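The structure's right below; bear with me while I get my questions together.
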Amino acid sequence: MADPADTRDAALLFPIELTGRGFYVTVGLLSLLILWGAIAYWTQFDEGLGVTGLHQPVSWGFYVTNFVFFIGISHAGTLISAILRLSKAEWRRPITRMAEVITVMVLFIGAGQILIDLGRPDRMMNIIRYGRYQSPLLWDATSISAYLTASIVYLYIPMIPDIAILRDRVGKRKLLYTVLALGWQGTEHQQKVLNRAIAIMAVLVIPIAVSVHSVVSFVFSMTLQPMWRSTIFGPYFVVGAIFSGIAALIVAMLVFRKAYGLHGYLKPIHFRYLGQLLLVMSLLWFYFTFAEYLTAYYGNEPEEMHVFWAKFSGPFWPFFWGMVLTNFVIPVLCLVRLGRRTIGKVLIASLSVTVGMWLERFIIVVPTLSNPRLPFGEGIYFPTWVEWGELAGSFALFALFFVLFTKLFPVISIWEIREGREVGLKEVEERLLTYLPDTAEPRLAEPERGW
Amino acid sequence: MRVTRRGFFQAAGGAAGAAALIRGTLAKAEQAGEDLRRWATPEEVLVPSICQQCPGGCGLMVRTLDGEAAGLSGNPLHPINRGALCPKAFGGLQLLYDPNRLKGPMARAGERGRFRPIGWDEALSTLTARLADLRAKGLSHTVAILGGQYRGYRDTLWKRFAEAYGTPNYIRVRCLPPERPALAHQLMQGVTTPLSYDLGEAQFILSFGAGLLEAWLGPVHVSQAFARLRRSGERPRGRFVQVDPRRSPTAVKADRWVPIVPGTDGILALGIANALIREELYDKEFIERHTFGFDDWVDQRGEHHEGFKNFVLKEYGLLAVSAATGVPVRTILEIARDLGTTKPALVIGERGPAYGADDLHTRMAIHSLNALVGSIGGRGGLLIQGELPLSPLPAIRQDEAAKGGLLHPRIDGAGRGQYFLASDASQALPDRILGATPYPINALLLFATNPLANHPAKEAFAKAFDRVPFIVSFSPFLDESSSQADLILPDHTYLERWQDDQVTHLAGFTCFSLARPAATPLHQTRNTADVVLQIAKALGGSTGRSLVWEKFEDFLQERVRGLYEAGRGYVVSAPAEESLRRILERQGYWTSEFKSYDEFWAALGTRGAWWDPTGLPVSLEALHTTPSRKFEFYASGLKRLVDEAVKRDGTGEAFVQALGGRDRGDLLYLPAVAIPAVREPGAFPLRLNTYRLMSRPTGGGRNQPWLLEQPAVHVRATWEGWVEIHPKTAAEVGVKGGDWVWVESAKGRIRLKAKLYAGTLPDVIHIPLFGGQGASPNDLIANETDPFRGFGLLNTTRVRLLKA
Amino acid sequence: MSRVTGAPDRMVRALQWAMAGLAVLFIGGIVVWIIHLIRTAWQLQDVPSASIGISLVAIPVFLTLLGVILYVFVGLLGDRGGR
Amino acid sequence: MALWGMVIDLDRCTGCQACVMACKAENNVPAVGAKEARRGRIISWMQVLTEEEEEHGGEVKRFLPRPCLQCDNPPCTKVCPVYATYRNPEGIVAQIYARCIGCRFCMAACPYNAKYFNWYRYQKEAPGQNPDVSVRSKGVVEKCTFCHHRLQKARERALAERRELAPGEYVTACAEACPARAIVFGDLSDPGSEVFRLARSPRAFRLQEELGTRPKVIYLTEGEGRG
């Protein structure tokens, strides 16, 4: 196991040990945004949801959009890191921690959106007291709490060896690190327990993550409303979630790479791999979108077509075509050839997808509501400063959580990097050999009997 | 589980009381006991009242809790509405509880528009002193009383007051021309009581612009009749055609909407008459036996006169009619065939505001269709209203001052000269006050009217008000007109006062409604009828002698005795009881339900109305009281009036000129509407049509949020006024739905939200009379006056549109 | 190698077990809650099958999570005890 | 057990909105004010919708009064997370204002947009309100209840007089007010009732019938045709 005196990865501990002006400036700016969000929420709490732009019939708007969006981003994380872990992708080592952190932070924010959206937040406990499992909202509550628990565990367990390093190396917050390190000494038994637990969690977290976003989509697809009632909404939402998750992860990686000078750890190759993953997801997302809209169009049901045309050429066209542009055109153009300027292209693509996926959630939530089945007036929705404030505050809160996290714990898993150096190389070589045909005694496999 | 608010407080109060007793604090226990009384289940009483939001006169049931009004519903016994109501009725609650109501009398403090609260004694003595002073100086005629939209004994009381006091100037200022009966009916049939339309029994209805299902006489009564027309169960579904420049809700419900160039309704009617005659679809028997002037005729002096038939065949060829009205020939023919072949058919020609320039002849032309199809005096046709057998009032014994005052002509000129046939000429009134012709007005009493907001000549009224030294308002609200007053003596709202109602548009029965106060008055207001009696008493002289009653209630009780003693009719009762009585009556038995008048009076107060469903004079003779005792296509009554006017010197000529001039010859007395020459569009290419919304109560209802919030359903509008523009017209000026537009007439311009509405002729724009925010179409209406009846023409103004 | 710890050992251990306890409480709470929901649905005859169906998946998942947590706590903390 | 339902005859309906205003007065529905109304937040449990003819550039074709349709298979009650809305045994879809958390899921799920939200606290308790109906706080969803409080009162009255609830004793405010008698209210399970008869008229149809929500508000079409 790693020698605590090993100083090669000291760079990863700098952010914890030293705090520069940049940190305070960032925290200050983020706090201002959060303050805006807090004022916005207080206004809403005090006066009622009337301070938003919601109305009859558009009774859901930014908050529900944000809810779906943030929960989507949370797939960044755990799902990606679990898949990479399970597939033994060696390039995962500097990425997993950040992915897992995003998940946990963003889940809190995402679940919070629903509470912000409540007309009577003071009666929040009614969900627990009188909840009923017939409502997809309760499915969400259950699924998200499972996912949150799993993500916290999945973030915490692989962090234990790093906390032990902090306990031993950093002078600050000794008690915190000592308690959290759970007496980690790197014994063989401990390592065995840890690895087994990580493996179980990586398997467990994937179905939970899939369930979360399917269930989020069920909030819409369980209703009878045009363009919501769709069987592919579950997988469509999951794909979108992973898509936006990867994008958010890339953005976060680039930010910390720049801020903490992690160029040595986060190399272009990582971004190239993630960029390729993003490209695949973009194509997959487009495929789902195409399938979804084609079925609606071909069926030509009047109520569906109202919504359809509202998106295509009606009042929502900038959002719809903006979504197609940012989720498909820009990422594909950026990512299809990642020869030179990988980082720049990947960054543009990721930022574009982050915006695009938010638009996608918006374009799913609002147009259906604003085109009711019965002949009401079309309801056009304009968010107010309150909703913008809470959107900004939510993003800022997420960023602040993340920044604070990096001040307490290493943002790249130190022990996994070391493990990579020490064990990984050898392991990969051995593994690689097992993939290859045995050169020593080349012979044809005997056909199995009865085959 | 049901927890009512009061029930909850009651329970909470009980618990609090128990808790206090346990603590042994006597004072607190008493407090809790007090709470218990306060929150105890209130006594719930249903009190009948009468809705005063429109001329419909529907019976209400006011739900009161310890004297506090807490809900409205229709009076199920009331024959006018049978428990149903229209949307306006519910605004009455908000009218009652309007937080901006005047809390008591006010007097001007300094310049006009500023007030200080005063007591009733001071208010009454100020008013009495002023009136007594004018009367003493021989200036009683310079007091003008402006009344608004109400009926029954409040009208009688004011009229009596004016006559006893000595002023000819009791003037009703209303949009609807105050005719009893419609002049066209009077001239063609000679009737002096209002006719009513038996809509529910008709099988085919042709309406010329009457907003039957919106704001025409009584909307509830008409809606019920409409429902019977459509689905009575026993007969086939009745049909109904609406001629109107706008696809109003009435037109939406009609089987056919016939868009028409505004003001050409009379021409269309004559075109239909032409088709009926040409295709011989008219009721020949009726025409032969009961009409005069259909065929050519020779008068006593041997002069030959052209009859209606030849006149119509000659002048109103379908092509010419179609060109003038914009209605296709085929449509005219189809309407005529429907009208001629469906019985009973009914033609309605009483559009609220005037049809256009030649309103009288237009109405005569439309009414002549009723004669052609023989729909007069039978089921599903035009019926006569019976008189209510109310106790007559004792004669007024006028003193010299009163007699002197009444010798003066009316300030508005009604009843003389060009307005010889008009009972009121409100459009001419402000100019005459301003010009002091023939005399200056020294005091103006405003009762239930707000001309500074609701009258098309509102600017002229504002100027005229400046000229009047003393203005008294009886409005319960500080509206445009009352805020210019020197003294305000606020009336109760209608749920708080004694009142009656006598509605005259009912088909098949007569009805008298009585309301006692349903709610305890909320503020220091007084029933103006009581105030009038008080002032009269204080004035003394013939005024005091003619108005001897202490209270309006006593006055009503004395009048209603006539109903008790009439030996017919019933205080309304449950349907089962009622049908039993009617069966008895048909067999010749009529018995009074009551032993004494007191019993009768009490029953009337708790049930709300008296009615007489039988005994209507429907014989054709009763309906034709013209010189010829027939329906007159050639109005010889009018001819006689004109001849007399010509004989008179001075003022008579003006009347004949206003009517159209003697050189028109027989055309004056025939239902002849000239086909206008085609007009170049000019600077104002569009026509303005104003209309009354179903949701608009008398006075505009700006204190009734429910009605302002959802004023109409055919366009999506809320709280602020709008203009309806055809999409094509809007596109021409580059206007989209929801844009602000300027509507400009020769008189002025207003800014309104545009609503695109395809249900209109493209060159007509429509602005509702709406009590909510935004400009009023009255700022546009060129003050054209009907030349011999003195009311403003609301639908002849030409306008243009500009994007704002 | 000397252990660099400023806090008394017993307190650290107490806090660590408290964390494990918290996890038990939290997940136990969720399980109890789900059972409460089934009970309510049963009482009101509000499609109890849905609640039971969902809980059949949800409860084992939460219990597995708890299992992993306890496994880590016991595994790591227990090992130190044996050192 | 009674199954309360309503039949609305569109041939009789004149779009006058008497039902709308009667409902507001009966159920303490506030006017939300000009600013809020312009933002599309009018609360109108009963609402008169207009259907337009597409080919004639949007002329109004017919009026369609829409209360809560009190579906027998209500999409809104399913999604409520807290039992704040449910179908009671007599078929009335109830709304418990004191329970509602204001998530507006039921509004999003209702295909008829019959649910309304209190975006602000639009009114306080004031004279003139109906004491039988609670004044809703901000942040909760409300809707037509078929004037359920009238049923409670009628039932209490019947109980006090030791008799059965008589037909016609319980009628909604809108049906009571309708001047054209287009709205008929009664017990759909009683073969003697008028609603039972009308609901089987050849003119009868239900809104968005294909959704399978089985509304208990039944419409009769305009035009010729018997029934």
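When the chains are written out, they are named A, B, C and D in that same order, and each has its own residue count from 1.
Here is the rule we use: contacts are C-beta pairs under 8 Å (C-beta built on N, C-alpha and C of every residue); 3 or more make two chains touch, one makes a residue touch a chain.
Remember, predicted model here, so these are calculated numbers, not experimental data.
Asks: Which chain pair is joined by more contacting C-beta pairs, A-C or A-D?
Replies: A-D
Asks: Point out which chain occupies the most central position, where each centre is the mean of Cα atoms.
Replies: D
Asks: Compute the distance, rounded to whole Å, between the mean C-alpha positions of chain C and chain D.
Replies: Comparing mean C-alpha positions, chain D is 48 Å from chain C.
Asks: From the C-alpha centre of chain A to that of chain D, how far is it in Å?
Replies: It comes to 44 Å between the two C-alpha centres.
Asks: Please work out the Cα centroid separation of chain A and chain C, and write it as a whole number of Å.
Replies: Centre-to-centre distance between chain A and chain C: 25 Å.
Asks: Centroid of chain B to centroid of chain C, CA atoms only: how many Å?
Replies: Chain B and chain C have C-alpha centres separated by 78 Å.
Asks: Touching two or more other chains, which residues of chain D qualify?
Replies: 42, 49-50, 83
Asks: At least two partner chains per residue is the criterion; list those residues in chain A.
Replies: 130-132, 134, 138, 377
Asks: So which bits of chain C are touching at least two other chains?
Replies: Where chain C meets two or more other chains at a single residue, that happens at 40, 46.
Asks: What residues of chain A sit close enough to touch chain D in their complex?
Replies: Per the touch definition, chain A meets chain D at residues 47-50, 52-60, 114, 117-121, 123-124, 126-127, 129-132, 134-138, 141, 219, 222-225, 369, 372-377, 379.
Asks: With touch defined as at the start, can you tell me which chain A residues reach chain C in the complex?
Replies: Residue positions touching the partner: 128, 130-134, 138-139, 142, 145-146, 149-150, 153, 157, 160, 167-168, 174-175, 178-179, 182-185, 187, 189-190, 193-194, 196-197, 200-201, 204, 208.
Asks: Hey, which residues of chain D end up touching chain A in the complex?
Replies: 36, 39-43, 49-52, 64, 66, 75, 78-84, 99-105, 107-109, 111-113, 116-121, 137-141, 207-208, 211, 213
Asks: Under the stated contact criterion, what part of chain C meets chain A in this complex?
Replies: 4-7, 12, 15-16, 19, 26-27, 30, 33-34, 37-38, 40-41, 46-47, 50-51, 54-55, 58, 61-62, 64-65, 68-69, 71-73, 75-77, 79-80, 83
Asks: Can you name the residues of chain B that touch chain D in the complex?
Replies: So the residues of chain B in touch with chain D come to 2-6, 42, 65, 68-74, 81, 83-91, 93-94, 96-97, 213-214, 219-220, 223-224, 226-227, 230-231, 237, 247, 249-250, 252-253, 694-695, 705-710, 713-714, 718-720, 727, 756-759, 772-773.
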